[in-house]
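After this come two complexes, each holding subunit A, first together with subunit B and then together with subunit C.
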Partner chain A sequence: MMINKVGRSLPEQIEHYGKVTPYAGAFATQKDGVKTGARLKSFKRGEKKLLSGIREAIEKSGLRDGMTVSFHHHMRNGDKVVNLVMQEIAAMGIKDIRLAASGIFECHAPLVELIENGVITQTVTNTFNPGPVAKAITAGKLAKPAIFMTHGGRPRAIESGDLHIDVAFVSAPTCDEQGNMNGTKGKSACGYLSYSYLDAQYADSVVAVTDTLVPYPNCPIEITSEFVDYVVVVDSIGDPGGIVSKTLKVKTDPVSLQIASNAANLADAAGYIKDGMSFQTGASGASLAAAALVRDMMKERGIKGSFGLGGIHSYFVQMLEEGLFKALFDTQCFDLVAVESAGKNENHMAISASLYANPHNRGAIVNYLDTVLLGATEIDVDFNVNVITGSNGVIMGASGGHSDTAAGSKLTIVVANLTRKAICVVREKVTTVTTPGETIDAFVTEHGIAINPLRKDLLEAVKDSGLPIVDIRELKAKGEEIAGPQVAQEFTDKLIGVVEYRDGTVIDLVYQPKGYEFQQQ
Partner chain B sequence: MALMRSVFYVPANNPKFIEKATTLPCDIVTLDIEDSVAPAEKAAARKLAAESFSKFADLKAELYVRLNSWATELTNEDLEALIWPGLDGVTATKVRDADDIKRLDWKLHELEARRGIPEGTVKVCCLIETAMGVMNAYPICSASPRIVSAIFGAVDFCADMRVTLTNKGAEQLYGRATVGVAARAAGIVALDAPFADFSNIDAFTANTQESIQLGFEGRMLIHPSQIEIANKLYAPSEKEVEHAKKVVKVFEEEGLAKGLAAVALDGKMVDIPVYASAQGVLARWSEICEKGSPDNAS
Partner chain C sequence: MMINKVGRSLPEQIEHYGKVTPYAGAFATQKDGVKTGARLKSFKRGEKKLLSGIREAIEKSGLRDGMTVSFHHHMRNGDKVVNLVMQEIAAMGIKDIRLAASGIFECHAPLVELIENGVITQTVTNTFNPGPVAKAITAGKLAKPAIFMTHGGRPRAIESGDLHIDVAFVSAPTCDEQGNMNGTKGKSACGYLSYSYLDAQYADSVVAVTDTLVPYPNCPIEITSEFVDYVVVVDSIGDPGGIVSKTLKVKTDPVSLQIASNAANLADAAGYIKDGMSFQTGASGASLAAAALVRDMMKERGIKGSFGLGGIHSYFVQMLEEGLFKALFDTQCFDLVAVESAGKNENHMAISASLYANPHNRGAIVNYLDTVLLGATEIDVDFNVNVITGSNGVIMGASGGHSDTAAGSKLTIVVANLTRKAICVVREKVTTVTTPGETIDAFVTEHGIAINPLRKDLLEAVKDSGLPIVDIRELKAKGEEIAGPQVAQEFTDKLIGVVEYRDGTVIDLVYQPKGYEFQQQ
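== the complex of A and B ==
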């Protein structure tokens, strides 16, 4: 066994995963080499790509037992393509598929049956929402351990050859017969298709699945026809109600608002609300409220920022339109306002997941980020963060861009309610390490702000700010006072997941919680 | 507690009306940027309102602004434009629940801190004018220490209830009484709805007398002609003041001084609650006299 940099015990080899490289530090594993090759194919003039349906595309792609198929998650909880394709694969009798979907949501409940009957034996994901598939994996139903990557780790793995995709199925809100696609137009518009760019470039076969076939040439083009083997038209690739929200709004619960104030004022006190600033938030209530506050501060002081990054929502769009940001770098749209903006504002730019966050390229945008606000299911006294499992060990999420932005940003702020029901979010050790504490600068709650002692400069910068700065152990004590004594979850020996850090090293393993029984609902 | 007998509303996009409001004997002037201002005029109204603060600086009337509700998504811009020194309070509209007030409280706290205004300076009046608001009246009224008053909004309440607004107001009785009780329970002032039929002074007077019996201590006014009547009706009469003086005197001299809990005055019992009520009348009278407008109470 080996012990990695965050103190987790790891075997040298994991069955169905391979050799384990232990996490050695956020920037310890660098690469200088040659990217993997992509398959070269030649299509003759007049060769038809438009096929009769998904089955024909699967047949022509040569998909067989043991292969890897990929999907992107921009259709979010409205996605229909993963289920359509996987059910067709099952109907064709193909088994032992590794499902490399960049995200899995509640709408993917039909996959549970395919996991149970051995059609899907492994998942590789970087976004996960709580739902039936997460529960099925927690219950140990997958034949092989799930692999959790980050948004930057996935393109790294594809480019390095660690993640080889045999067939990529790309949901395309509009597409022409040659396979030119975009995500910002059509009845199922979901915004830019950023997470599928690398899949399209490196997969052996690429199938565009659309519900809006348009005359050649499709305008604009995000993924060009040179990468696309086949085009399939289906009735619907997504349920618009589940793809994006009409518009995300600031929540009104006072705790989220208090946390938002603390976070925005911390960024301000630390000197990051300034001309040329860059900023990223998620779409939670506290994050949106903090974004709204930062906007107000910028407007009042006449601050002109540089860029907003990541998942784009209406608040960022508003800031772009008001001239508070020069640009938005978009990896996915969180609401319809963002989708509309993506289709019309040239400074609202699509970026690939590699450009966003890949640690092994010539400079991902996360490296230029000033401030990021992130969430947590747990944080420990060493500032390690868990966003993958709850304290009960049940899978609730995946890293997404958490570890990537934490590593790249100058100021990484984790925001969370100190307690959730009977759970104190601050633990002695997190259940699952997703993001190492060395990349987390501050933890902001409604009961105060804990600054990572490693950031002596930050402690110095905010010491006279009047902000409620406390030691993280004080927060832990306060949380336990509110939520009661915390009992650590016990686990079986069954390995259900491997958590990769963005550089491909293993930062933690997920084991099946003792006594957990699968319930679909 | 500042007097709030007459809360006079002025559309914030009308400079002439604002100028006129500086000359009126109301207790509060509220610059409205909500329903009396068309959507296209909101930005101009905010600007004009903020520029008007200095006109009210030396007046006895307090200055409030009526905000657009959170549901309109205009509130944040309203607050960013208007929370500056010189403003005494804001009126939150179509308040649905305590979270609406807590969100407002949070934003006011944040703006006060950012702009160097002492914390808690900006007071809050809650306009309860929907069925949901009435059902949540007490939690709303007690949601923040900034809250000093709650208004029952009859017009929007009737619209929300899908009933016709009348001068007699039977359709408003439940909502009106609920707001009165909730405000008193929360220790704040209950303010009654505007009386839309402003040219009918007799009906206005009758309605205001009824409102006093429901616990309201002032009301929203939409026409200058209503101000002096409201000031008079919501103040204790000379007869009430004289009686209160007698009650206090007899209870303190014959009761408290001699260790008795009840004494007689003109054949009626005076005990601690009667004494306390008389003290309230005198305190209110004293506030009116201090404000320099005892004539309005005569």
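== the complex of A and C ==
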């Protein structure tokens, strides 16, 4: 066994995963080498790409037992393509598929049956919503451990060759017969298809799946025909209504407003609310409330920001259109206002996940980010954050861009209610380490702000600010006082997940919680 | 010695070139494999890219004797960056550089001295204008044979690893400190930087050279920071006034109009003037005159075309804005109207040279092209075309997209005056084969139209059209009658150039003409 830098025990090898490289620090693994070679393939004049349907595409792509099949998650909880393709794969008798879907949502409930009968034996994901598939994995139904990556880790793995994709299925709101795709037009417009760019560039075969076939050329083109082998038309790739995150609403309850206010004032006191500032926030209500306060500060003071980054929502679009941001860098649209903006604002730009957050990229935009607001299911006294499992060990998320932006941003603020029901969010050790504490600068709650002691400069900057700065152990004590005694979840020794840090090292392992029973609903 | 499919004798090996694969037919070399791996490099947060100048960039990039250095040619005859960088390389005492400049123009006269003193020992180009460098190569001044590629052959060579670039210098009309570049803005706006995309993606080091540094992020971004190692600011990257091709003017003399009319009527008779049509034309006066006639036909008949392709000029912009084309696919701007359009019309799209014309690309747009009009310095009775040398053996051009579009397009028309001074354009054998006759469908002159006998369908389609269809040998006889007896140029056995077909095979060799004396002016 090895111990990694956040203190987790790891074996040297994991069956169905391979050699384990232990996490050695947020910036310990730098690279200077050569990317893997992408597929090179000639297409002659007149060669046809348009096929009769999903089945023919599966046949032509040579998809067979043991292969890795990829999808992107821009339709989020409205997606229909993953189920459609995987059910056809199942109907053809193909088994042992590694499902490299950048995101899995509640709508993917039909996959549980395919996991149970061995069609899908492993998942590789960077976005996960609580739901049937997460529960099935928690219940140990996957034959091989689930692999959790980050938004930047996935393109890193693809470019380095660590994640080889045999067949990529790209959902395209509009597409022409040659495979030129666009995400911002059509009846199922979902916004930019950013997460699929690397899949399309590196997969051995690429299938464009569309419900809106348009005449060639499908301009403006987002993913060009040079990456596409086959085009398939289906009735519907999904319901754009499912794109909108349930949580996408500024919270106005007093606790959320207190947290938001603490977070915005912290960023201000630390000097990050200024001309040229950049900002990223998730879609949680408290984060959005903080963004709203930041917006007010900017307007009041006439501040012109640089860029907003990540999942883009109506609040950021508004800030772009008000001139508070010069640009938006978009990896996915979180609502339909963002989709519309992507189709019309030239400074609302698509970026690949590699450009967004790949640690082994020469221009990763997270490295130019000033402030990011992130969530947590748990945080520990070393500031390590968990967003993958609940304190009961049940899988309920994935890193997304959490670890990436935490590492890149100059100021990384985790916001959370100190307690949730009988749970105190601050733990001695988090159940699962997603993001290492060395990359978290502050933890902001309704009961005060804990600053990572590693950030002496930040402690110095805010010392006279009047902000409620407290030690994280004080927050822990306070939380336990409110939530009551914390019961430690026990685990079996069945490994159900491998958590990769963005650089491909292993930061933690997920074991099956004792006594967990799968319930589909 | 080997004989290739157009009858040229080739050695099996060429010193300073390597193994020779003989041209075996326009579509004989298909590929299904893996691209070469591009550079993979981490950049940490806070790492600086902005350097003090060209010299520091040369030092930091590790540029040394024997390396390959690349440039793109969007500033055309207004470019200043090639001279600036190469003179700095010379000043540093570095020698034996392979200059992989996508285009060389008259403005690059200072390179002659660098060729003479061994700083530059080989050139790899796909665009060449008559001028001092072409003359110096003709005079045998390069230590190693010049390599002539096509617009599609160059990205093929880069993607396959045949052309490895050590350091790419990308001229950027606007750029930010992280290397995000845009070609359509700034005082030196030259239009899209398409030819440099592959250089930026695959070179070991990439240096952005700009005269207009703008705040981060330089949106909309054309080449992103992920491909850029260093940023350098210079006084001027060039004079946009030099972009405009001298020939870019519709010709109105009776001979040109006759040729244009024959060409447009041929395309019409062959059925390619119709809804959904696509079209490419070079910048020669007769081609533009033909384009003007095609435009008139489209307007008269209410035809809606699909796309215009290649070098984009004001005539194509007008057709886009009139709705005659749905889209323009742009590899370079031929005038400032095109530059302006590139910055504002969303359906005026940049395409990489690989997407444009690479024969080993899954979506090369030349393969969807209906009609292309091309020029020639010579054409022979087998319809082989020469655009590289004059009949006197002097280098005066390069393929550009000639061979690529000829192979891809459904109808490839070569237009030329039958005679130029005492030269008959039709030869028994062309001096240098650039584009194989099997990909040329018709040769249009003021004295009639010769159709390639391989295109039986085309001969059938036009037989009742009333067009002046003649045998190419008749044109040859007529031309010789007008121009007088043709004197065959004699050549020394000094090899000065290797002409690659787009697939990387060797289609011809260029030897030094006997009795040629270099004159700078």
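The working rule: the second predicted complex is superposed on the first by the 517 of 521 C-alpha atoms of A that agree within 3 Å, B and C clash if a C-alpha of one lies under 4 Å from a C-alpha of the other, contacts with A are read in each partner's own complex, and residues count from 1 in each chain.
The rule is short, and it goes like this: a contact is a pair of C-beta atoms (placed from the backbone, for glycine too) under 8 Å apart; a residue touches a chain by one contact, two chains touch by 3 or more.
What you see is a predicted model, and the numbers here were worked out from it, not measured in a lab.
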| item | value |
| --- | --- |
| Subunit C versus subunit B on the shared subunit A, clash or fit after superposition | fit |
| Which of subunit B and subunit C A:347 touches, first, second, both or neither | second |
| First (subunit B), second (subunit C), both or neither touched by A:253 | first |
| First (subunit B), second (subunit C), both or neither touched by A:296 | first |
| Where the C-alpha centre of subunit A sits as vertex, the angle toward subunit B and subunit C in the overlay (nearest 10 degrees) | 120 |
| Residues of subunit A touched, compared between subunit B and subunit C (which is higher) | C |
| First (subunit B), second (subunit C), both or neither touched by A:36 | second |
| First, second, both or neither for A:307, with subunit B first and subunit C second | second |
| Partner chain(s) touched by A:52 [first = subunit B, second = subunit C, both, neither] | neither |
| Partner chain(s) touched by A:261 [first = subunit B, second = subunit C, both, neither] | first |
| Where subunit B and subunit C come nearest after superposition, their Cα distance in Å | 29 |
| Contacting residues of subunit C [partner subunit A, same complex] | 27, 30-46, 159-160, 178-180, 215-217, 219-221, 224-229, 276, 306-307, 326-327, 329, 346-347, 349, 351, 354-355, 359-365, 367-368, 407-408, 410 |
| Subunit B-touching residues of subunit A, taken from the complex the two chains share | 249, 252-254, 257-258, 261, 292-293, 296-297, 299-300 |
| Touching residues (chain side subunit B, partner subunit A) in the complex | 70, 73, 76, 80, 99-100, 102-103, 105-106, 109-110, 114 |
